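Each chain gets a letter, A, B and C, in the order it is written, and its residues are counted from 1.
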Amino acid sequence: MASRLGKSPPWWQNRRLLPWLVQASVGLVLVLVIAFLLGNLVRNLSAAGLLLSWRWLGQPASFDIAETLLPFNASQPYWRGLLAGLVNTLRVVGLGFVGATLVGTLVGSASFSGNGLVKRLARIYVELIRNIPLLLQLVFWYFVVFLALPNGAAAIQLPGIVLAKSGLFLPGFEAGFQWSGPTLVDGVWQAPLRFTPEFGALLTGLVVYTGAFIAEVVRGGIAAVPKGQWEAATSLGLGPLPSLRRIIIPQALRVIVPGLNTQYISLAKNSSLAVACGYTDLYSVAETSLNQTGRAIEVIVILLAAYLAIDLVISLLMNGLNRLVQIKER
Amino acid sequence: MPASLRKELFATPLDGVVTVLLITGLAAAGSRLLHWALTQADWAVIQANSTLFAVGRYPIEQQWRLWLLGALLAAAAGLSWGVLRGLALPDRPTTALWPRHDRLAASLLVLLAAWAPAALGLTLTIQSRWWGLTGLLLLVRWLAGRYGSRLGKTAPLVLPMVWPLLYLVGMVLIGGGLGLVAVGANEWGGLLLTLVQASFAILLSAPLGVLLALGRRSSLPLLRWGSVVYIEFIRGAPLITLLFLGQNILGFLLPGGMAPDRIWRAAWILTFFSAAYLAEAVRSGLAAVPRGQLEAARSLGLSLPQALAKVVLPQALRIALPATVGQFISLLQDTTLLSLIGLLDLLGTARSVMANPLFLGKSAEVYLTLAVLFWCCCAALGLGSRALERRLNPPSLGR
Amino acid sequence: MPFLRTLLPKLSFASTLALALLLASCASEGGGLQSQKIDLIKNRGKLICGVDGKLPGFSFLGSDGAYSGLDVDVCKAVAASLLGDSGKVDYRDLNSSERFAALASGEVDLLSRNTTETLTRDAAGGNGLSFAPTTFYDGQGVMVAAGSGVKSLKDLAGKPICVESGTTTELNLADRMRELKATYTPLKFQTGDQTYAAYLQGRCLAVTSDRSQLAAKRTSFPDPSAHLLLGEVLSKEPLTPATTNADPVWSDAVRWSVYALMQAEELGITKANVAAKLAQAQANPNQADLRRFLGVEGDFGKTLGLPADFVVKAIAAVGNYGEIFDRNVGPGSKLKLDRGLNRQWSQGGLIYSPPFR
């Protein structure tokens, strides 16, 4: 071993060289693989006559979309159809955030209720929903629950609200600031505010599923607050609700908000399963566009970019919220 | 009413009212569900299509291979169960051969084997095969529990070898080769396809996920940025979009006509998808291992790969185990998305069964059965994970 | 440094090899009657055919595991003409979303899936498909419940209509409703089963698709007589097998295999008598047309890249066009569709094979 002293180590033990060698080889492999794939891609696309182009976005779409906030008809271009799909996605995602947070908070706090039955029910709900795939739940809600509702005059009628096979009808302001409720015209329900069963099934499925996960996050957050805080609050004379509001929740939020970030992003991505319910969200419109134009690469790029953008926006907002709730230690 | 029950349910008047309302509501819903299930529901759709749900269009004359695989799986499961049960907990050095939970599980299995095949209307030979499988599982469990302690220290190391080996043997049995007639992948379906996809993705995404997690924490810029880009790209995309990409684009990325079967395309996409999420779980495990561990290992003369493999990773994987198994459960549930790209996994088979004229409109029965099936599989995995975690992370050792 | 002397040459060798492989894979094949696709199929020993799999009469997977239908018989005929055996077919169930991508990427060799021939699908700047002869001239129709009081498309204004996404059906419906200046709610589903399931559960008032498909699906409804097809035909729907533009030799081989079925009906050659006709042709040197058609003399097969007796094999496997029609969608089947436009040209229909010469 004395002969090794003073000499530079062999190349496989040279600590300065090794990182560069490893990176160079990894980089080379990556470059070769990408070149191979891209070469095949270009060759196959040109053989099929489908080289990358974006002009098809301006062509008339020739298909209609069932329900859109953004007015759209078949003579308008593809990009407008995709935008309408995106608006539909945002619509269900936004309402989904509200609903899932409400359900999750309710069920999560119910785990700490004094009532044993309520606690167990919350536990059963979470364990049940978490272990059944979301897609199965969605098709169940749509085909078994919403499509089994009665229609026409036999619909479920509550004061101001009508639940029928053709949708959920709510009162609202008609054109001209007139408040009116659901009315039965020719056996068909009409109302100012109307939700289709497709939207209803998707929203219900997403809220129930994500609500279970958010309940776990909330429960973990509240459980992370040391028990001493509860006891101190009680000994200060605060009742259960004020102590929850002023002492426990602010501390629990520290743990809850990062977890909520993950769940919100998961909800936004899960909304792409709308195609199973017949709701025309972004993925559904993109799939239709792909079928009618054959432009696979461009459509997939648009889809990935859109969902990535949605995730980034959600992360940004939640990071801002996170900074607000982080308690600055002394 | 016993005092404890009264305290739990009727502590305050409000509690009492809530309890009464909940009990009446649950009883009403429960009785209506039971009434529907026993009288109005038509379970013939499940009975007539049980083979389709289980193995798809697998040729009948080759199904003996699946029974053989089932026997091997039962033996391996019994072995794992017995050996794990035999592993001593620090606070409980000697364990009874059949603790209370195990007795409960065993009796449930026996009940299931006795009732389910008969309820499905299967023939007596097939029913007896199911009894045989259950008997084999319980027998191996008993043997492993009785004599597993003789394996000593090597027992927990043998187990992780058994399952990948069994996977390889299973692939040969299912797909053919080595003298067995080849059965094309587009004839696999139902539960068989779901399990093949899930096990392929689980087995391949585990090492890939660990590599990505290590890469993400690496000090080499190319490795770190490569891992970050990959992980964030995958995590930002819905799985259905990636499956769509795999089905439509993969054919263009390879020389014409060389695209692998649709089933393997989907399996690879599931693997790459799951690896990114696993990487995040393992990364949090890696972050929880004190930095001093790595430094101490290096100062003892271990090279970086050795230090990682022998010191850091075992601790990190132990910490990350719940998140990892959670990801595997998600993967099993994500296989249902294969039905949206036209593959005949369990959900896809269910939908094609409901297209059959005889069974139009029986969606409630089929979906409920599927829900129960998935729930049992995922809940079992969750229970197993919690049991494993208790054994690997004993609370008394502390952290 | 010493390592450079060993490593660098290895790196440069590896990259040169990779580059060479890359360039080699880009090289095109020589000319002549070389068809990559035909060679590929012959090497594989099986024809991969994209079908629907859930449409009785056209392509339906029975509970015994066997496929049957008009489109399936076309696949069998092509397999018989190229490979000599109609059993050497692998069927792939494709829904309307993935059928073109599967064909374009080479996953299936032939798409026989009640696909409508349209300009955008044929155009090189569109989907780039190459269409064989139309095997079923159809039109788009609308099905409603018998008691709903809907008599024409106009009555469906403002109502929900179920339609399968990714088809010409949804485009035609949009166009017709726009002409009538009527709004409506299109409910789109990925697969036919879901579309009809939603219609049967009453979610939509009507379902629209090709008339033959509506009739086929109706036979499997719980109460077929409770549904009726409106008289209106919304569009022309020529259902045609398709291959890609990429291999013209293969496309021609498929085209003339299908024409052979139609020509056989015109000549009165059936599955039962094809052997006798072959013997007759071999014995009689004067019947030049028959001899050339059946491959006894001439080189029709060779010019197409097919075996010389491809016509005989195809007809022996599935019969002529008339037999295929009758067996799957005509009087011999549950659908009992009238031949209508699908008669031979000599009887006033549109089935017309160019001469085999």
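As a working rule, contacts are C-beta pairs under 8 Å (C-beta built on N, C-alpha and C of every residue); 3 or more make two chains touch, one makes a residue touch a chain.
Only a predicted model underlies this, so the values are computations on that prediction, with no experimental measurement involved.
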item	value
Which of A-B and B-C has more C-beta contact pairs	A-B
Maximum centroid distance from chain B, chain identifier (CA atoms)	C
Rounded Å distance, chain B centre to chain C centre (Cα mean)	40
CA centroid of chain A to CA centroid of chain B, Å	24
Residue list for chain C, restricted to those that touch at least two other chains	25, 97, 101, 104-105, 190, 194, 197, 201, 246
Set of chain A residues in contact with two or more other chains	40, 44, 47-48, 143, 275-276, 287, 290, 296
Per-residue multi-chain contacts in chain B, two or more chains	248, 251-252, 255-256, 340, 351, 363
Residues of chain A defined as touching chain B within the complex	19, 22-23, 26-27, 30, 37, 40-41, 44-45, 47-48, 114-118, 121, 127-128, 130-137, 139-140, 143-144, 265, 269-270, 272-273, 275-276, 283, 287, 290, 296-297, 300, 303-304, 307-308, 311-312
Chain C to chain A touching residues, read off their complex	1-3, 7, 11, 14-15, 18, 22, 25-26, 96-97, 100-101, 104-105, 120, 124-128, 158-160, 165-167, 170-171, 173-175, 177-178, 184-190, 194, 197-198, 201-203, 244-246
Residue numbers on chain C that touch chain B, as the complex places them	25, 36-37, 40, 54, 61, 63, 65, 90, 92-95, 97-98, 101-102, 104-107, 190-194, 196-197, 200-201, 219-222, 246
Chain B residues touching chain C - in the complex, by the definition given at the top	57, 59, 184, 186, 247-248, 250-252, 255-259, 262, 340-342, 344, 351-352, 354-357, 360-361, 363
In the complex with chain A, residue positions of chain B that touch it	5, 8-9, 11-12, 15, 18-19, 22-23, 219-223, 226, 233, 235-241, 244-245, 248-249, 251-256, 329, 333-334, 336-337, 339-340, 347, 351, 363-364, 367-368, 370-371, 374-375, 378-379, 382
